[in-house]
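Order of writing sets the labels: A, B, C and D. Residues in every chain begin at 1.
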């Protein structure tokens, strides 16, 4: 019974949103749902954040491996919460936006989160290199095509691409690697992109229908 | 050549000066009609713009009116006309009020400040207020709200056809019709991958992307998690689902729990299987990376919405020698999965996965249905390309007709 | 203050980088700081933005009482904390999933299917729909044909309900090749952006921190 | 595209570069020998190579000149051709992680619009975009254009949560989503907004980002319905998947540092006064090039060792 209600909710809301597109008076429905979602998400955080605390506190109390680091996490978490909620060290006081210039909260962001996230992101440079060394090998035809396309584009992004093929007469300028690179981006790449996009579109449509009709219900629990 | 002149900074300055002047002039004389009326010889008053046509904007909530007028003969780019000033009044009500203004050379305006079911009249004046060289009054117009957006009827029709085909085949399958579905390598490998983890006595890592429940890919990932954790429950292997959104954590727990119940082992389920890390993209990645190198999972599922982290996770997973099954609908990230993972679900396959894994006829039916959708799209593409090309080659009525039809059919207005 | 910030930044930057060598206490430390602080940061941002700016202001000042529905759904979510009524948290979940499915169904339909098909329906010998015949250069004509054909083949690859055999299989093969070119291109194109991120960090280390770049 | 001529327009001491490149070169030879023996190298060595080839050109700068590709030129020309006082919205839809790549674009756009005396509206769909927006404000607007006044020449709306939701609203009404600007000044008392109700009233929208919500959302939720031209500056990674939208739904596109560099050089070509300002895009092209070459080398080496080992196996 409880689950039937849930399925009905999905069915009703889903259909409603689909229909709303064709009915001008219901245009604003999307915005409303977006607002609702944001609000729900914050409530949900009490579960997520709560779980974060629980996990690390147990780790701490049970003196599990690496429990020391749990202290760091816990401290960091609570400190930010306190600073942010009471807007400590915020020039504008409680009225100002939490991310106001010069606020302690913002400083924390600039000096701790910015370096951390951008460095984590920067690691990609290394992984891209190791991946291209390890994975870009002409194992089979697909792999070879992937490899060649990537190689041409890469070359096209360097001055050497131009230098290597500068002897090519302008009548055949398409064969100059940088142009070749751009051409690949605009033709074959475009075709692939479109095929993938249309496919995705159909995938989403069909999955949404399954969900709305309650055929796909794994996320709601499958008690038998 | 004119263009050259136009670019001259001197000219620019002059032009800006002129605009400022005209606007000032306009407003001054607006404030003091006495002067405005007496010697208009000093102030050049351009000829009024031509007739104003007001039409209701269709398929809206009745909050907008389309205006169109003929430019003033003096509006020849010589800046005698600084701009057009749209004035409006309610019929039988107050006199004309300035609503808004547009630059010279503009001949249309959408008034979004009207109220439904009130009747309005418009006129367009130049240079600053409603009294300088106003046009004739427009037709009176009553913006109203439509109940159906016929502008989207093509979307509706095609949508009906494709969604219809999906539903039809689901229903068809319900009546016990079996459909052939080709093997999808990535999904064939799921059982084996889980089995491997069981043998090695190592955990399984399932990453449902980094977006919240408001993204379909996350939902798709969770539906797959349902199938996976069902198998995991049977094998009695350890599964970790670190997530970067609280809502996803909740949903993931719900999903795993029910799978364990379905497998008849509710006792084996624990909330620790799905844990929230942090909303911050790279904070989450840092943590998951750490998890990988410390717990050394034998199998990694990377399914859902991924951004830059795709390769970080995939390469780290690879460095610990895990079997990796990845999938996303983000074209930008697919290459990295293809390069660094053992199996990759490309776009549509991600959404088809749970249906495929479920093995239920109904779900299989939906796959058949979306294939029909694909077929339709392909037919339209082929037909469209051919007819449009032919229509261009020889202007034969039927081709032009078909190609135009197809074109209108697929143009999405809003 | 700035100096301290700089050093903290450098410390954390190197901490994360050290992961490239192998997992180590320095990384673990940076990681735990990262997780703790960022989790807090996001909650605060969301809180002030959704609960305060959107909900509280909306209800108290704009009088958008319908927002209470959102709040109620949120509370239902929290019911999980009480085992007895935990099941009710499924309703907001069902609500969200339903809404998103419905929303994306139409959205993807028009943007991914309709629009992409429309963009593919192109006269092969002209630069664009409605342009005169042979307005396109030879190159463009080849492109048009390639794009149309490639898209078609790519779609064939995604067919689930038909064995990839014979002519159909061959087309599917071409399709996957086209897709592979796409992937290769994307990968190659991406390297650049990845590098720039690293360059950015190096700038920070060598320039801002060590002051080696004038 | 590159012009080979000024390729080696070396700015400062080449010694350092040549030394480090020598190192890389030797290393490569060593790797080649290993590969010929079909022995793969540890990934950490790969990492080391990347580290050197990137940091060397940073410490000893080298710059190449750029000529804009059409897709960049188109956007530049649009900004250039708009009459003064046109209303341009620049949205900072990225985070610090993406910043090194796209912030240069943001700065370039801002400079260009200011030089053209456009009215600029700054906003962000990313919580993390706010502080980066402030950075550009501080670094470009305030320092280089002190004469420009807040609220008259530009306005900062700042960040609003709600992703596409925000766009769904502002497409029909700014004030509904942004009752005030970031300094809580009501929009009605901001001059720029006298004539702006919704996105329809803008002359150009430039979204800078690379994630979600980002350019795609701007195009689907704002560009298509309102027909307002949309330009974009994106991380190179997302550029390819945006090509389907160009040129119909997307006016122009800056992809990655190269895009930024091209825009910068084009900007300097039209506005010599920007000769002196820092041009991170151009500055970053040096290390870029070296890193690319190294990666290309890796792909080659990888395949050598692959083929050698396969031949061994077949024997």
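Throughout what follows, contacts are C-beta pairs under 8 Å (C-beta built on N, C-alpha and C of every residue); 3 or more make two chains touch, one makes a residue touch a chain.
Everything numeric here is computed off the predicted structure, so don't read it as measured data.
**Q** Specify the chain most distant from chain D by Cα centroid.
**A** Greatest centre separation from chain D goes to chain B.
**Q** With respect to inter-chain C-beta contacts, which pair, A-D or B-C, contains the greater number?
**A** Comparing A-D with B-C, the pair joined by more C-beta contacts is B-C.
**Q** For which chain is the distance between its Cα centroid and the global protein Cα centroid smallest?
**A** That would be C.
**Q** Just how far, in Å, is the C-alpha centre of chain D from the one of chain A?
**A** So the centroids are 19 Å from each other.
**Q** So how far apart, in whole Å, are chain B and chain C when each is placed at the average of its C-alpha atoms?
**A** 13
**Q** Could you tell me the distance, in whole angstrom, between the mean C-alpha positions of chain A and chain B?
**A** Centre-to-centre distance between chain A and chain B: 16 Å.
**Q** Can you tell me which residues of chain A touch two or more of the remaining chains?
**A** 21, 30, 35, 37-38, 40-41, 44-47, 49, 52, 97, 99, 109-110, 113-114, 116-118, 120-121, 123-126, 128, 130, 132, 134, 136, 146-147, 150-151, 154, 157, 185-186, 189-190, 193-194, 196-200, 202, 204-205, 207-209, 211, 219-221
**Q** Would you give the residues of chain B that are in contact with at least 2 other chains, written as numbers and ranges?
**A** 155, 162-163, 213-216, 219, 247, 250-251, 254, 277-278, 280-283, 286, 308, 331-332, 334-336, 338-339, 346-349, 352, 367, 370, 373-374, 377, 412
**Q** For chain D, which residues are shared contacts with two or more other chains?
**A** Each of 43, 47, 50, 54, 95, 97-100, 127, 159, 161-163, 237, 240-241, 244, 258, 288, 291-292, 295 in chain D touches at least two other chains.
**Q** Inside the complex, what are the residues of chain B that reach chain A?
**A** The touching residues are 59-61, 145-149, 152, 155-156, 162-163, 166-167, 170, 212-214, 216, 219-220, 222-223, 225-227, 245-247, 249-251, 254-255, 257-259, 261-262, 271-272, 275-278, 280-283, 285-286, 308, 311-312, 314-316, 318, 329, 331, 334-336, 338-340, 346-352, 354-355, 360, 362-363, 366-367, 369-370, 373-374, 377.
**Q** Can you tell me which positions in chain C touch chain B when the two form their complex?
**A** 16, 19, 22-23, 27-28, 30-31, 34-35, 37-39, 41-43, 46, 77, 80, 89-90, 93, 96-97, 100-101, 104-106, 108-111, 113-115, 117-118, 120-126, 129, 131-133, 148, 151-152, 155-156, 158-164, 179-180, 182-184, 186-187, 190
**Q** Using the touch rule from the top, collect the residues of chain C that touch chain D in their complex.
**A** For chain C paired with chain D, touching residues are 20-21, 42, 45-46, 49-50, 53-54, 107, 111, 115-116, 119, 182, 185-186, 189-203, 206-207, 212-213.
**Q** Within the complex, which stretch of chain D touches chain B?
**A** Its residues touching chain B are 43, 83-84, 95, 97, 163, 172-173, 195, 197-198, 200, 211-212, 224-225, 237-238, 240-241.
**Q** In the complex of these two chains, what residues of chain A are touching chain B?
**A** Per the stated touch rule, the residues are 21-25, 27, 37, 40-41, 44-49, 51-52, 55, 113, 116-117, 120-121, 123-124, 127-128, 130-132, 134-136, 146, 193, 196-200, 202-211, 213, 215-216, 218-224.
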